[in-house]
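Each of the next two complexes has subunit A plus one other chain: subunit B in the first, subunit C in the second.
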Partner chain A sequence: MSITIGKGIPKVDAQHKVRGDTIYADDYTVPGMLYGKVLRSRYPAARILALRTARAEHLEGVHAVITAKDIPHNELTARFGQSTSVGVQFEGIYRVMADQEVRYFGEPIALVAAETPELAEQACQMIEVEYQPLEGIFDPVRAMAPGVRQVAEKPQNIASHFKIRKGNVEEAFASADVVVEGAYQVPYQDHAYLEPESGVAWVDEDGTINIRVSSQVIEHFREVAEVLDLPHSRVRYLGTWIGGGFGGKEDITVESFLALLAWKTRRPVKLTYTRAESLLTHSKRHPFFMEYKTGAKKDGQIVAVQARLISDAGSYSALSPWVLLYATVNAAGPYHVDNVWVDSYAVMTNTPITSAFRGFGAPQVNFAYESQMDEISHRLGIDPLELRRRNFLRQGDSLDTGWVYDRPVAISEAAEVAWQALGPKPTSPNPQVAIGHGLGAGMCSYGRLTFLHDTSRSYIKLELDGSAIIRCGVPDLGGGQGHILCQIAAEELGLAIERIKLYITDSQLTPLAGTTTATRQLYMSGNATLKAARILRGRMLEKASGMLSVPVEDLEVQAGKVLSKSQPEKSVGLVPLVNRMSTEGEELFVESQFNAPFTSIPASEVIEGQIHPDYTFGAYAVEVEVNRETGALRVPRIVACFDVGKALNPVIVEGQIEGGGIQGFGYALTEDMKIEKGVIQTPSFAEYLIPTAVDVPDLETILLESGTGLGPYGAKGIGEPPMVSIAPALTNAIYDAVGVRVTSLPATPEKILMGMLAQEEGGG
Partner chain B sequence: MIRPFKYSKPRFLREALEALEKENARALAGGSDLLVELREGKSQAEHIVDVKAIPELSCFSIGKDGIIIGGQLTLNELAESKELGQTCPILGDAARTVATPQVRNRATLVGNLCTASPAADLAPPLFVLGAAVVVASKEGEQRIPIQQFFQGPKKNCLQPGQLVLRVEIPPRSTGRGVFMKKSRVRGHDLATINVAGWTNPQAGILRICIGACGPTPVLLTSSDELYQRAVCRDELLDGLATLAQDQIAPIDDLRASAAYRRSLVTVFLGRMVRILFPEEGGWPHV
Partner chain C sequence: MKKRTITLIVNGETFELTVVPNELLLNVLRDRLHLTGTKYGCGVGECGSCTVLLNGKATLACMTLVVSVDGKEITTVEGLGRYDALHPLQQAFLDHSAVQCGFCTPGVLVTAKALLDENPHPSEEEIRQYLRGNLCRCTGYTSIVRAIEAVSKEAGF
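This part shows the complex of A and B:
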């Protein structure tokens, strides 16, 4: 019987957050602290002819002004916690500050540390920058043309290019009874976390730089050390509870700046971005321009998919190659298709950095392929669920990379359950309001790219009173990434969860657990913790076996004791057991490492074989009401169904699905990031609208538990997958309601109305 | 960063008027616009004159002489006033659509007018009600018709040393009004368009004002004549749509295109006329 697993136990951090006691990055102050500020480029593309800092340096209260020339290593190969080198196809540069040339509006040019935030800002204003504007390259499609100015160190502005070549699409299209084609466009999206980028750094008496920062990747301590030309061991990250990440804190944010300023001034320094600074300058979700062609037989069988994907990789490649790779291997979706041809390009432009965002390339292509599925369904007159059921991936089918997916797939069940739960379409009481139903199915990997050779470590120690300590370098973004480790240890060791103290995110004192990205922490650190707990449990059982004269196989752990399964009166309490182990010199601690499957780095642009450890599958079914006069949209119902493998904590899992669903709802309908000549025109939440409580209905979440995941107890990852497939469910429902196919997100009332007007003109 | 400024909170009107004569002086009521401008460096204000302690700005009365709303009245106070809801519901209807409950607890009706946004939600109702803005300076008081108060986008007619005391809505024996707004989301957002209408069928009066479709709210001219001439509701509707399309001048911005705004105006006029004149048979001129 399980002690904690499968139960909606409140997170260990929940009470503190609800009461407002949690200490976030910006809540820290250190005596003698200075304030940092970043001077940023006012041009999207320009040469820096002169940079004069003397006036700012002489301002009283200013302790440091730093520009590129002051930085030991201003330019590094960008890394994201991986300990292997993955080659130029997957790597770009990380530049701390612009040096002689700026590539995007808002690029850092100088850093200031001063006694007050006001002085720091004043000093920034006193730094003189002479720019010579350059021709800005803003359109990724045009940027690929020969002869266009090179934004970065990439020929033809192409940061990376991948291909899928499965089967023979030409023959397959010739044999198809119906072929649909479409061009789709998806926009920028901002992570819009509650907590903007923030941190504080100080230098210890022995010259170690400590950085307390809101980051998804504490392994960035290595890059920061390289920037300063220090040994890796001299830079220490201390994480904080994070007020939302969603991929936006996967790249280095404030930490290099903090380290440089603290190192130069030998004073503690704090730096927190303003909301406008965060919105204007941190990384965004990649806009994609996609051309799709899908061929099907009369019976609905999809025989071929061909896609050309162009992502706007922004001004530094950051994670663009990886995001593009994810999109490429997801291009045909959770379907078995024998013939797939994909050409994908990540193209550099003088626009904000685009990088990781929940879903990581999967939502972009999902919007396109699920729109295509919907079109085929209408063209062939096959119900949307039925069409998908005839094509869904099954165990033993191959993905578009040719990798045979030899695990059970519950996508068909998920889609069916969601669609059935939505029920029959009601008739609209108002002739001006059309009601539509839409379905979107999708897949999303959990765990990192297998050629990154991902690992995680976790440490558990038993105390003499039967309490325990977990140390694990897992950044907790609010998704229960830390908490769930306590639940796993409690289950295995028979501990009450409140007896466990959790230490997370100290790059020098907690075992490195890898990044909180790629929906990997439950899978990776959960397994590392499970492994450690089971070793400890084994030692406990071994000792108890001797004490009780009962064979180990007959023993089980229950809350607070170990007892014989066949003779339950034979038991020993946890405290006497641990004390005996201690007295007899047994090790009461274990540090374990879990390794994901390892594959080799793709040798060419053609992507083949296994790329991810596994996938999570799920579907959304939605009901929309469209006003025929204004295009205004109301979404009364959203049903989500995901196969989560095993819901270790159903409350957390539902929270992830609701959060991801709503974030996807914003992506689909309301979040309209306007950008003109490389400059974002929506620098606040008054212009850039994330959905609020009054815009979103209650999400109905249904969990399937196939028990087939690679995580502890058969769990799959659920952090990112709910971001995938709600957008096409909504646009497919709009089509069902009023016959307008929205091919570019967000699906605003204006686009819907203009679509209806065009229809009237066209169709009469 | 907010640049330094001098703050005063006078208790007498005379003091406030003197303070407002200084260069770069700004009155502060709810602060929901001013503080944002200050933080974004868009306001050069050096003297902030808090008007929340001046007794002359606290008046709020509904009576035979019409409706008087002082400069301190918040949008939520208007929205929650039962008496106002019974006498003139379109003001509360408009107030309830502004921003969020938190903002409405601070933001004032007079502040909404002083910001002079073309999308100001309280403007169209006040335009159709024929409101006047009472402005004080050391020279005395002055009544300014609301149409003259709005000069252009974010530009009102106030001179240094002037302060809006209150808004006055003339008494009217009978009539009914409607306010409507379209935003991008149901949550907080500025209006893509907003529209107010007022009619007194006995007197043959119909006034329509459209916001966010020009440099200032647009009070349609000749709507009375059109109303008096129209032989049926549909004719009125068609006439109004033409009138509106001639008189509005919407722009493309990040909230909507001009074309979408024009489409919305016609739709909203239709809805408004159907609410103002619910029965085709009740048409007074037939």
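This part shows the complex of A and C:
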């Protein structure tokens, strides 16, 4: 009988969050604290001819002004958590501050620490920067051509290039009965977490820099130490409960600045970005330009997919190579296709940094391949669900890398369940309003790339009164990443969840659990915690066996006790059991490490074999109402169905799907980040429109539990996957309603209207 | 700038404060009264994370000069329930998992209280309309709306 698993137990962190008691990064103050501020570039591409800081330094109340020349190591090779070199394909630089040249609008040029935020701001304004503007490179497609000015250090603007070469696409296209081709474009997306980037740093009496910061990656302590030329052991991250991340707090944000300012002033320093600063300068989802060609037989069998993907890698490559790799591996989607040819490129431009965002390359290609599937379904007159069913990946089929997927795949079931739940299309009561239904299916990995050799560690200690402490370096973004470890430990050890203390994200005290990215924490830290709990449970059963004279195999753990399965009257309570263990010198603590499957580094740009540990599959079915006169769109229904393996806490899982689905809704319909010559024109929530409560319907969620995941109890990861496949479901529904194929997101009323007008002119 | 002494009644407690005319209610609550439950999300009245009740009405603390609320009653998230007894909305947000990162939660809870005080039995559409100024990036709003609906159906509301 399950004690906690499968139950919608409220999250341990929600208890303090509803009271307003949670101390987020900006809520923390330290006596004697100064305030930091960043001076940023006003040009997207320029040489810095002179940088004069003397006036700012002499302003009363200013304690430090720092520029690139003051930083021990201003440039590092950008890492992705890997401990060994994985090749130049994947490398770029992380530069703390611009030195001699700026590459993007908003690039940091100088740091100030002062007594008040106002003084820090004033000091920034007193720093004089002389720029010589350079030709800005803003179009990634043009930037690929030879002879174009180089944005970065690489010998060309193409930062990374990957290939898929599966089968023989030329022959397959020749054999196809129908071939569809299309060009697709997807835009920037901002994470738009409600908590702006923030942190506080101070230097301890022994010279350790402590950084209390909202970050998805506490392992960045190593890079910050390298920036300052300090031993890794002299920088400590104290992660906070994070006010939203979605990948935007995966790269370093304020931490290097805080460490530099605290180190120089030997005073505590706080730095919180304004909303405009956050929107203007933090990384975005990569815009992609995609050309797709798909060939099918009359019966709907897809025989070939060819894709050319160009991603705008921005001004520093950050995680662009990795995102591109994910997109490449996802290019043919959750389908079995024998012949796949992909060429993908990440191209540097003088535009904002592009990096991790929920989905990590999967939503971009998903929009293209699911639009193609919809076209084929219309061309062949095969129902959209049926066409997909004939092609969905099944156990034993291979992905586009040729890796044979030998686990059960519930994608067909997920698509069918979602589509059936949406039901028949209602007739519109208003002739001005056309109703459409659309389907989108997708896949998304969970767990990091297998050649990065991912690990996580977790620690559990039993207390004498039967309570327990979990220590794990898991950053919690609000998805229950920390809480679920408590549910796992409670299940295995028979503990009441409220008697477990969860201690997370202290890089010097919590076992390092890796990044809260890549939908990996339940899989990795969940398994590490399960492993630790099972070792402790083994010790408990062993001891109870002796105390009760019952063989271990006949014992089970229930809430607060261990008892005999065959003679339930024979039992021992948790408290006497733990006390006996303690008295007899048993170790009441365990630290465990979980290792993901390891593979070798890709030998060339041709990507083959296993790249990820596993994938989560799911589908959206949506209903839209399009106003034929104005193009205005309303979405009355969204149904999501995902195979989550096992829902350890169904309410949290549903929340991930509801939130991810609506984030994808924004990507598809409302979030229109305007950028002109490298400068974002929409740096506020009044201009960059994330969905509000009135824009969206209740998202209907259906969970499938195949039990086939690699996580604890057969769970799969669900953090990122819901971001994938809602966008094409919506645009396919628009096509179904009014016959307009939207090929660039967001699908604004204007685009829909222009499409309808073009049809009329074309006599359609 | 000329300083002024004002009185604020925050969560039932009276505070006398000397302030300058351009001080914002948000900063006074957070930095001087240490009520950090009220959040800075945008500073320009676009996200709702700083929502408080001003004489019972939902108000954006980031857009409110503190001198303009002299003598008025303010309720922040910390004043919704007692430490040993959550407000029914707080309990419902727990039960329906309407809290993910939690950063928008204080503002949403306070707005929901203003709504139910005004209209104890709102329709789903009325709930959504009332929440339109409170951005949430984690939940997609489904669980939040459900939690508020659940409270409105409870006895006593």
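The rule we apply is simple: the second predicted complex is superposed on the first by the 761 of 764 C-alpha atoms of A that agree within 3 Å, B and C clash if a C-alpha of one lies under 4 Å from a C-alpha of the other, contacts with A are read in each partner's own complex, and residues count from 1 in each chain.
One rule holds for everything that comes next: a residue touches a chain if its C-beta (ideal position, glycine included) is under 8 Å from a C-beta of that chain, and two chains touch if they have at least 3 such contacts.
Quantities reported herein were computed from a predicted structural model and do not represent experimental measurements.
A.B. asks: Judging by the criteria at the top, classify the pair subunit B and subunit C on subunit A as clash or fit.
C.D. replies: Partners fit side by side after overlay.
A.B. asks: According to the contact criterion defined above, which of subunit B and subunit C contacts more residues of subunit A?
C.D. replies: Of the two chains, more subunit A residues are contacted by C.
A.B. asks: Does the superposition put A:Gly92 against subunit B (first), subunit C (second), both, or neither?
C.D. replies: In the superposition, A:Gly92 touches no partner, neither subunit B nor subunit C.
A.B. asks: Quick one: is A:Trp241 in contact with subunit B, with subunit C, with both, or with neither? Answer first, second, both or neither.
C.D. replies: In the superposed model, A:Trp241 contacts subunit C only, not subunit B.
A.B. asks: Looking at A:Glu118 after the superposition, I want to know if it touches subunit B, subunit C, both of them or none. Which is it: first, second, both, neither?
C.D. replies: first
A.B. asks: Using the touch definition from the top, say if A:Gly314 reaches subunit B (first), subunit C (second), both or neither.
C.D. replies: Once the two structures are laid over each other on A, A:Gly314 reaches no partner at all.
A.B. asks: Quick one: classify A:Thr682 as touching subunit B (first), subunit C (second), both or neither.
C.D. replies: First partner only, subunit B.
A.B. asks: Per the contact definition in the header, classify A:Pro384: touching subunit B only (first), subunit C only (second), both, or neither.
C.D. replies: In the superposed model, A:Pro384 contacts neither subunit B nor subunit C.
A.B. asks: After the superposition on A, what does A:Gly438 contact: first (subunit B), second (subunit C), both or neither?
C.D. replies: neither
A.B. asks: Just subunit B (first), just subunit C (second), both, or neither: which does A:Val694 touch?
C.D. replies: Both partners.
A.B. asks: If you've got the overlay open, could you tell me the nearest Cα approach between subunit B and subunit C in whole angstrom?
C.D. replies: 5
A.B. asks: Mind sorting out which residues of subunit A both subunit B and subunit C touch, each in its own complex?
C.D. replies: Residues common to the subunit A contacts of subunit C and of subunit B are 686, 691-694, listed in rising order.
A.B. asks: Once bound in the complex, which stretches of subunit A touch subunit C?
C.D. replies: Per the touch definition, subunit A meets subunit C at residues 8, 10-11, 13-15, 17-24, 26-27, 191-196, 241-246, 272, 274-275, 477-479, 651-652, 654-655, 658-663, 665, 684-686, 690-694, 696, 698-699.
A.B. asks: What residues on subunit C touch subunit A, complex-wise?
C.D. replies: Checking each residue of subunit C against subunit A gives 30, 35-44, 46-47, 49, 76-78, 81, 83, 86, 90-91, 93-97, 99-106, 109, 124, 127-129, 131-146.
A.B. asks: Under the touch definition given earlier, write down the residues of subunit A that touch subunit B in their complex.
C.D. replies: 117-118, 121, 276, 629-630, 632, 670, 672, 674, 681-682, 686-687, 689, 691-695, 748-750, 753-754, 757
A.B. asks: Over in the complex, which subunit B residues touch subunit A? Could you list them?
C.D. replies: Residues 1, 40, 182, 184-190, 254, 256-257, 259-260, 263-264, 267, 270.
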